[in-house]
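Each structure below is given as C-alpha cells.
First chain A sits with chain B, and in the next complex the same chain sits with chain C.
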Partner chain A sequence: MARRDAAAAAARVLRRLGPLAAEPPTRGTPRARYESGDRAVSSCRRSGWVPGLQRPLCGPRTDAGAYEGQRGASRACQVQSQSRAFGSAATATNIQRNPAYSELSSDDVSYFKSVLGETGVVLDADRVAVANVDWMGKYRGASQLLLLPKSTAEVSKILSYCNTRRLAVVPQGGNTGLVGGSVPVYDEVIVGLTGMDKIISFDNVNGILTCEAGCVLENLSTFVENEGFIMPLDLGAKGSCHIGGNVSTNAGGLRFIRYGSLHGNVLGLEVVLADGTILDMLTTLRKDNTGYDLKHLFIGSEGSLGIVTKVSVLTPAKLPSTNVAFLSCNDYTSCQKLLLAARRSLGEILSAFEFMDHHCIDLATSHLEGVQNPLPASPHKFYVLIETTGSDESYDKTKLEAFLLRSMEDGLVADGVIAQDISQASNFWRIREGISEASVKVGAVYKYDLSIPVEKLYDIVEEMRCRLGDSAEVLGYGHLGDGNLHLNILSNKYDDNTLAKIEPFVYEWTSAQRGSISAEHGLGLMKAEKIHYSKSPEAVQLMASIKKLLDPNSILNPYKLPSPSSSVPCNSLKPAAYQSCLMLR
Partner chain B sequence: MKILVAVKRVVDYAVKVRVRPDRTGVETANVKMSMNPFCEIAVEEALRLREAGAAAEVVAATVGPAQSVDTLRTALAMGADRAVHVLHDPDPARPLLPLAVAKILRAVTLQEKPGLVILGKQAIDDDCNQTGQMLAGLLQWPQGTFASKVILDKEKQKATVEREVDGGIETICLDLPAVITTDLRLNQPRYATLPNIMKAKSKVIKKVTPEELIVDIRSDMEVIEVNEPPKRKAGVVLSSVDELLNKLKNEARVL
Partner chain C sequence: MARRDAAAAAARVLRRLGPLAAEPPTRGTPRARYESGDRAVSSCRRSGWVPGLQRPLCGPRTDAGAYEGQRGASRACQVQSQSRAFGSAATATNIQRNPAYSELSSDDVSYFKSVLGETGVVLDADRVAVANVDWMGKYRGASQLLLLPKSTAEVSKILSYCNTRRLAVVPQGGNTGLVGGSVPVYDEVIVGLTGMDKIISFDNVNGILTCEAGCVLENLSTFVENEGFIMPLDLGAKGSCHIGGNVSTNAGGLRFIRYGSLHGNVLGLEVVLADGTILDMLTTLRKDNTGYDLKHLFIGSEGSLGIVTKVSVLTPAKLPSTNVAFLSCNDYTSCQKLLLAARRSLGEILSAFEFMDHHCIDLATSHLEGVQNPLPASPHKFYVLIETTGSDESYDKTKLEAFLLRSMEDGLVADGVIAQDISQASNFWRIREGISEASVKVGAVYKYDLSIPVEKLYDIVEEMRCRLGDSAEVLGYGHLGDGNLHLNILSNKYDDNTLAKIEPFVYEWTSAQRGSISAEHGLGLMKAEKIHYSKSPEAVQLMASIKKLLDPNSILNPYKLPSPSSSVPCNSLKPAAYQSCLMLR
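Up next, the complex of A and B:
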C-alpha cells in the first residue's frame, strides 16, 4: 500500500520536474561518504592511524544495486528504484507519507536557485543519493533535492518558503547518526549545513568558541587545541560530524564523564525556526537567568523544532598530561567497584572510564588489522579502559599507578597495563573505539544505546544472550562512568525472527529499570515511536504541544520525534509496530 | 651473561614537534616525553634473550637530565633488572652528540662488562644513527647494525644477526662481546603490566656523572639556529580541465 503510494508520488515528482528530469545525469563529486562518514573512522584521534575503506560499499540494504548501478540508468529508473527502497523501509515502520506535504515542483527549484545560486541547489542524482542514505546504509529516503545554504539568512529564506509551500524539510549535518534522524523518510527537501563552516570568534581568555553549525568537530578540535583548549566533547565520528548536529542530537561521547553534557557546555545558539524566524540566542555568557532558557529546547530535539545555524561553546583548557590504563576484571561487580574507587581516588583527573566484555575484544582483535589484546596471557571476562587527564605528568602517573596497584591488591583488577607512550595509549583506545567498526563487518548489527543504573547495566546483556542463544552474538560495552551501555547484537543477516526476540523486550526491560532507551544516539526514525518507554504520556503530550507551537505545519524533520500522532501510551501499541527498526534485508 | 641496553628519553613519537620561539631548539616544556621507539625494541630484544636463557641480566642505561629516570622506570617496568643513569643537563646550544654518548656508554660498558650491548639504531629526535657504530668502534667490538633478527649461541659465544639491506636480508655472524642496533621490524615491544610496574619500584637505579666516569663530553659543534620547515601552501580546487591546463602552462610552466 505504502509502496504503491510512494511509487506514485515519485512518478508525480518526476512529471513535475519535467524539464529537469530530461537533463542527463551529471557526474558531480559525490561526497566521500564512507571514508569520512564512518563513525568508526575514529581512532585517528590519538594515533596517526589512517583508516582505509572501513567496510564494503554496499552495507546491508534492500536494493544494493540501486545506487551503485544507477549512474548510467535513466532518471526515471532511478526514481523508481529509490521509491522501492524506501517503500519497503516505510512499510516496515508503518509510516505513510503525510499527504499534507506538497510535492516539489520546478517552480520551487527555481526559487531555491534564485536564493542560493546554482551551486547551492543540488539535483545531481549521485550527490542527492549520498545525502539520502545514512552511513550504515540502513535508512534511505527518496529526496530529489539537496540545498546547501551558506548563511543564516539563506536558511531563513529556505524555511520561510518551505513553510508557506508546506514542503517537508530534513536538516542534515555530517550524517553520522545511528538512528536515521538525519536522512529523509520520503521526499523531504534535505538542507545540508556543510557550507556553513566558518569559525566566527574565539575568546582565548575564557575559552569560548563561536562558530557556524556546519563546522566539523575535528576541525574545531584542532583549532581550539592550537589555542590551548579542547572541545568538551569527543566522539568516534568527529572526522565528519558537525557541531550543529552534535548540538541537535545532544551528542555524548568520550569526555562526558569529565565535562558533562552539551546542555552544560553550549552557551548560546542561533536557530532558524520553521517559519524562517531567526532566533538569536547566541550569547557567550556563563550565567544568564533571564526568563526561560530556550536554547535547551533545541539541544537534543533532533532538528524537529528549528535548524541550528550558529553555536557558542565553552571549551575547557587543554591539560598536558594524559595517562591511559587498560585493565581486566573477573566479573562485572569488580568493574562497578572499580568505578566507585576510581571516582574516589582519581577524582579530579579521571577523564574516561570505558568498559567492554571479552566478546568485544575478540571481535575487535579478529576483525581489525593490527589490533591486539594488550592482556593476552589469560582470558578475562571484562576489560576496562581508564584515562586520566591532568596538569602534572609525574603527579598524575604516580596517582594512577598507586590507585591501580591498590585495586589489584584488593582484587578488583585481575591484570592491567599502563601506556608508556602515546602510541600505546592510542592502541588501547583503538580497541574501544574499533568495536563499532568491527561490528559492522560481521554482517548484521542491531545497535541499542541504553541508559541503565550501573548496577543493573550488564543484566540486559546476559538476558539477551539467554534469549538469543547461538543465533546471534551479544556484545556489551560502553561508557560505564555515565551508566551508558551500548548493546550490539550481531548476526549473519537481518531477519525478523531475531528482531522479534530483541524488540520490544529490550525496550520493555529498560523501561522497567526506569532507564532510557536512547542514552546518546537520539530517537530518530529508529525509535520515534518508542519514546513512551522512557517518557510519560504527559511529557510526550507537552513535547507535541511545543512542536505544534514552533512548527505548526510540522515541516521540520517529519515522521520522527515527537509527532502528535505518536502520543499513544506504550501498552496500547501493537507488537507489530515494534517489528520495525527497518533493518533492511 | 649480561646485556646492556641504552635507552633515550625523547619527545613522544605522536607529538607534533614545535620550534621554540627563540629558535634555540624544539619545545620540550609541557610536552609528552617517552622512550625512543627503537630503544623500546632494544629493551624488548634484551628481555627476550634473557627469557630464552641466553642472558642472565638486563641492565638499562641512559644519559640525560633528572627526568630521564622515567625512561629508565619504563625499561624496568618492561622487565629490565636494574639501571644506570648518567646525569647530564642538556645545553641546547651544545647538545650531547653521538660521539660523547658513545664515550659515556663505553665507560659504562667497561664498568658493567656486558657480553652484548643493544641500542636502537637511531633516536627519533636527532636521527643521528651513529652512537651504536661509534660505541663498537671505541670498544673495538664487532657490530651488527639495523638488526631484524638476532640469535645468540651461548656456547660458541656468537651472535647471528639478520639485517634488512637494499637487496634483501644479509646474515652476519659476530663474536661476542658485540654491539647490536635494532631496526623497526625486530620485534613488537611489550606493555608494562601492573605487576611489573610494582616490581620495578624496588629495582635499583645507579646514578653517576660523566665526570665520575672520566669522560670528556665537550663538543666541537654549536647549534646556531633551529627553524621549522617552510609551510606548504594550501591547494586550490579547479573547476575544469581547461583551467588545469592553463595553470600547468602559465603558472607551473611544466607543459
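Up next, the complex of A and C:
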C-alpha cells in the first residue's frame, strides 16, 4: 500500500464507527462468550444442559456394563469386549482394559456410602451416564459409580480405599475438556468435585483467592470482580469448568498473553495423592523458596498424580478500559511484524492478539447467522483481532488508534476498525469465536491444537493445503501472541485417505519444529500415545518414574498416561527431512 | 492530615524537584546498583573482584585437606575432623561428612583431564580456594578440585563418572548466593559453569532467549536490551550471577512484582541428571501441555536434582518510561492501603513497591556517605518507594502524580516526592539499597528473609522489638508488593542470649502465619534443616522421595537437602499459641 493510500485508509478507520452497529448486541458482557481457542461452549451449556444427556448412550459397553447394585459384585461392570475404539476416525485407538484393576462390588458401594452418605454415592443410571461422556459426546466410558465428596477428608478416604482395593479412579471437574481426559475409559470410579465449591478466603490487598477445587470459574470471576480483581484466566467454558480442572489441565485461554500460565499464577494447592495422603501446599505467598516447588507437578498432570482439592491463585487488579480492533493484513509476515510492533507500542495494555486467515472469515460469515466481516470485502489474506486492557479509557483508545495509524503507514495493516462500544467489540470477538462453531457445520472436521514458533506457525497450514488439494479445506487461526495455532481441516466426511494425508505428518512436522502437539488442551486419551512427538524419551521416562512414585498402583486416571516405550520418538526429525509439498509445487 | 493540608502538601510535591540534586549522579543507569532485597554486591564485585581471593583461607580444613596430586589417592583430601561448624553464631550447625562418598584420587583427576583437557581441570590451590568460599566469606568448603566443562556433553561425562565413583559434586554458577548453597561443605568436586556462557538464539518477535547456563545475567540483559527487550529478573548480583544459578535458586529480585517468578518466565531447560542423563526440556514455546512440566522440578531445587546447562526464557518488551516516587506514611496500615491503591490506579505500569520503616532511613542516612532523606525531617514512621515502567513518559508521570495527589488527599501518604531525573531516581533507590550495607556497619546483624501475608508482615518486627528491648535494634523493610520482609536485627556483637530471643521464635512465628522462612534466597546449608517451618511433613517426605528417584546416590549438592525426619514439624502451630510480647506490654 502506498503511503498516501495508507494515510487515507487510516483516516477512514478513525471515522468508521463500526459496520455491525445494525446487529443487536449479544446479551451479557462481550467476554461472556469468548472461547479458548478451538472450542466453543454454547449458552445452553452455561445453563446446565449437557450434550451427552440429550442423546442415548451409544458407547460400546454402556448396556453390558450396567451396575446391578445388590445382585452381586461378580456381575457388576461386566466387560463384553476387552478392546475398544474411541472417537472419530482421526483419533481412533485401541486400548485394553487393565486386568490388574478390581471390579466394583456391593461392598465397595457400602463403604463409600458409609463415608459419603447416600447423597454422595450416585448409582442412578442417567446421572452416571452423564458423567461417563465428555461434552462433545466423543469419549464415553462405562463407569457404574459417581462419587461426590464434600471435603478433602472424604476425597482422602475414597482414594485410600480405592488404592487398597485397586479400583481405578477418574477425577472429574466440569467435564469440559477436549481430549477425553475427564471421563472413564472403562469402569473407573468417577470422583466428581462438584460438591467442593466453597470460597475459603480472599486477600483483597494482594488479590489472593483460596477456594475449593470444584468452584466454577465463572463464579470465581464474579466473586473477585466484585472485589475489584479478575481471574488470571478466562475460557469459553468458564460457565461449567472447575478451577481444579483448570489447574489439572493447565488451562490456557484468553488472558494467557497478558497474565501467562497457571504455573505463574497458582500460588498453592492442596492435593490428595493416590494413597489418600493429603499434600498441603496451600500457601498464599508470592515467594517461597523452601525446597522443591511440588505444586507444579500437579499443574497440567491431568489428574494422574493426585486429585486437586484446594487452590490458591493470584488475581490481577481489574482494569476498567477495554478496546478491540479488527484489522486485515496482506500476508503472514505482516501479521508477525504487527505482533512485534504491538508488543512494543501497546506494551503493558496489550491483552489479546488473535489471527485468522481469510478462509476462516469466509466460513464464519457464510455459516453463522448475523456474522459479518466488519471490513469492506477485499482480497485480504489475514485478519487480526487486537484487544487492549488498561486503566484509562481515553488514553488507551488514543494509544490504540495511534498504533493503528502507524501500522497502516508502515504497510503492516491493510485496513482496520476499532470497536466503538461493547456491542461492536462483542461482534468482532464473535467472528473469532465463531470459527470453531462454523467448522462443524460443514461436515467432518479434523482439529489440531499446536504450539509452533511464530515464524513457522503458518507454514503447516500451507503445507496441508498443498498436500490435500481440493479434497479438503484447510483453516488456520489461533492465539498468535502465544504461538498457538488451531489447524482445522474440513471435509465432507471422515475417511482414511484424508486422515492418512494428515497424520502422522502433522505431528511429525510439529515435532521437527520443536513444537507441541498439544498447546493448551492436554493429552488426555486422545494424544496420550503421541507424547513422543513433543517430549524426549528421557523426559517421558522420568514422567513414568514420577507416576510410579506417586501412584504405584496406577489407579489415577488410567489409560491417559503414555508408557515410556509406547511410541517412536520423533524429536530427532529435522524439517529438511521432509519432502515439502510446497517446494515441489 | 486534614484535606486542606493534604492539598497544600500535594502541591508541594509537584513543585519539588528533588533535594538530592546536589549529589553527583552515580555512574550507569539507576538500576545498575539495585539490589535484591537483603544483599548488596558492590561494584568491585562486578568488576571481577572476588572477596574470598583477597583473604587467607581460614576454614577448618583448608590446609589439612590439600590435594597432593600424583603422590597418591590415599593421601588426597585427608579429613582431620569429621564434624564442623559453619557461619555466624546465628547459623551455627554441625554436619558430619558422609562416609559413603569416595575421596578424590589421582585416577579421577586423570579421567577428568581426559574429558576436559588440562584447562578444564583446576587444581591450583588459589583458584580452588576462591571456589570454596561464598562471596560473604561465611561458608567455606575444602574441595581440591574445580572442573570447568564447556559443553553439556562434558557435564554429562563428569556426572556419569562421579555417580559411578560416588564422588559428591557441588554445582557452582556465579557463587553469589546468601545461604551457602553454591560452595562445598567438605571435599565435593566443584563443577563451575563459567565456561558455558554462549547465547544460543534469540527470537526477536516473541522475545525468547536461549542460552547456556553460565551466561552472566548482566550480559544477557545487555544483549536483550539491544534487541528491545529486558530480562524478566534483575538482581543486585547481576554482574556476577549466572542465569543457571538464578534458575536453580528461583531468584526473585526487583522485577518480581511486575513479571512474576521464574516458574512463569522460564520456558525450557536442559538439565544433566546425576547419572549423566541429558534431559532435554529446552522448548521455546509459550504453551506446551504434553505431560508433566518437569522443568519446574529444577527451578529452585538448588542444584540437588540436576545441573542446569541451558535455559530458554521469555523476555518482556523494553518500555522506555521509568518514574520513581519516594513517599512517607504515618502507619503500616496506610502502607498496605497504598499498595492496594497503587495496584488499582497504577495498574499495568507499577513495577516496584518497596517499604522501609524509619529505623532503616535513620540507619542509612547516618552510616552511608551522601545518603539523605529526600523528605523533610518529620516523625513519619514508614517510607515507600514506588516505581512505574511504561511506554509513555509524560502519560506515566502524569498518572503517577495524579495517584500521589489522590493518595495524599485520602490520607494514605503523608508526604512525597517524584524523581525528576535519573540521578534523583538513583538516589531514591540508593536509600533502599543502602539499608543492608549500613546494617553491617553497626556490628553484628541477624538477617532474616521472610514471606508473610501482607497484613501480618510488620507484626513480627514489632514483636521482635518488644522481645529484645534495648538490647538490639530491629529494622523492617523489603518488597511489600511481594509480601517479602527483610528483618534485620542489629546488635553490638553476636551472643547466645540475643540469638535465643530471636530463634526459634522468628521461624515459629513465621510458620504459624503460614509464611515462608526463605522468600527468595533458598535453603542452602543455612536453612536446610529448617524446612519444616514452611513445608508440611508430607511435602518434605515427597521431596526426599523425588531426590532419591533422581539422585539415588545423593551425589548432587549434599548436606543441603533436609531429611524427612530432620526437624520437628511446626506448621501446626497457631498464632494463638504464642505468648505475644506485644499483648503483654
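In this text, the second predicted complex is superposed on the first by the 469 of 585 C-alpha atoms of A that agree within 3 Å, B and C clash if a C-alpha of one lies under 4 Å from a C-alpha of the other, contacts with A are read in each partner's own complex, and residues count from 1 in each chain.
Just so we're on the same page, a contact is a pair of C-beta atoms (placed from the backbone, for glycine too) under 8 Å apart; a residue touches a chain by one contact, two chains touch by 3 or more.
Values in this document were obtained by computation on a predicted structure and should not be read as measured data.
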Have a look at where A:497 lands relative to chain B and chain C in the superposition and call it first, second, both or neither.
neither
Which holds for A:516: it touches chain B only (first), chain C only (second), both, or neither?
second
With the two structures laid over each other on chain A, which partner does A:421 touch: chain B (first), chain C (second), both, or neither?
first
Complex contacts: residues of chain B adjacent to chain A
12-15, 30-32, 34-35, 37, 40, 70, 74, 77-78, 191-195, 197-198
Residues on chain C engaged by chain A in the complex (per definition of touch):
203-207, 228, 249-250, 252, 256, 260-261, 263-265, 277-281, 283-294, 296-297, 299-301, 305, 317, 319, 336, 339-340, 343-349, 389-392, 395, 399, 451-455, 482-484, 514-523, 527, 531, 533-536, 538-540, 542-543, 545-546, 549-550, 561-562, 571
What part of chain A is in contact with chain B in the complex they form?
46-48, 320-322, 326-327, 374-375, 393-394, 401, 404-405, 408, 413, 415-424, 426
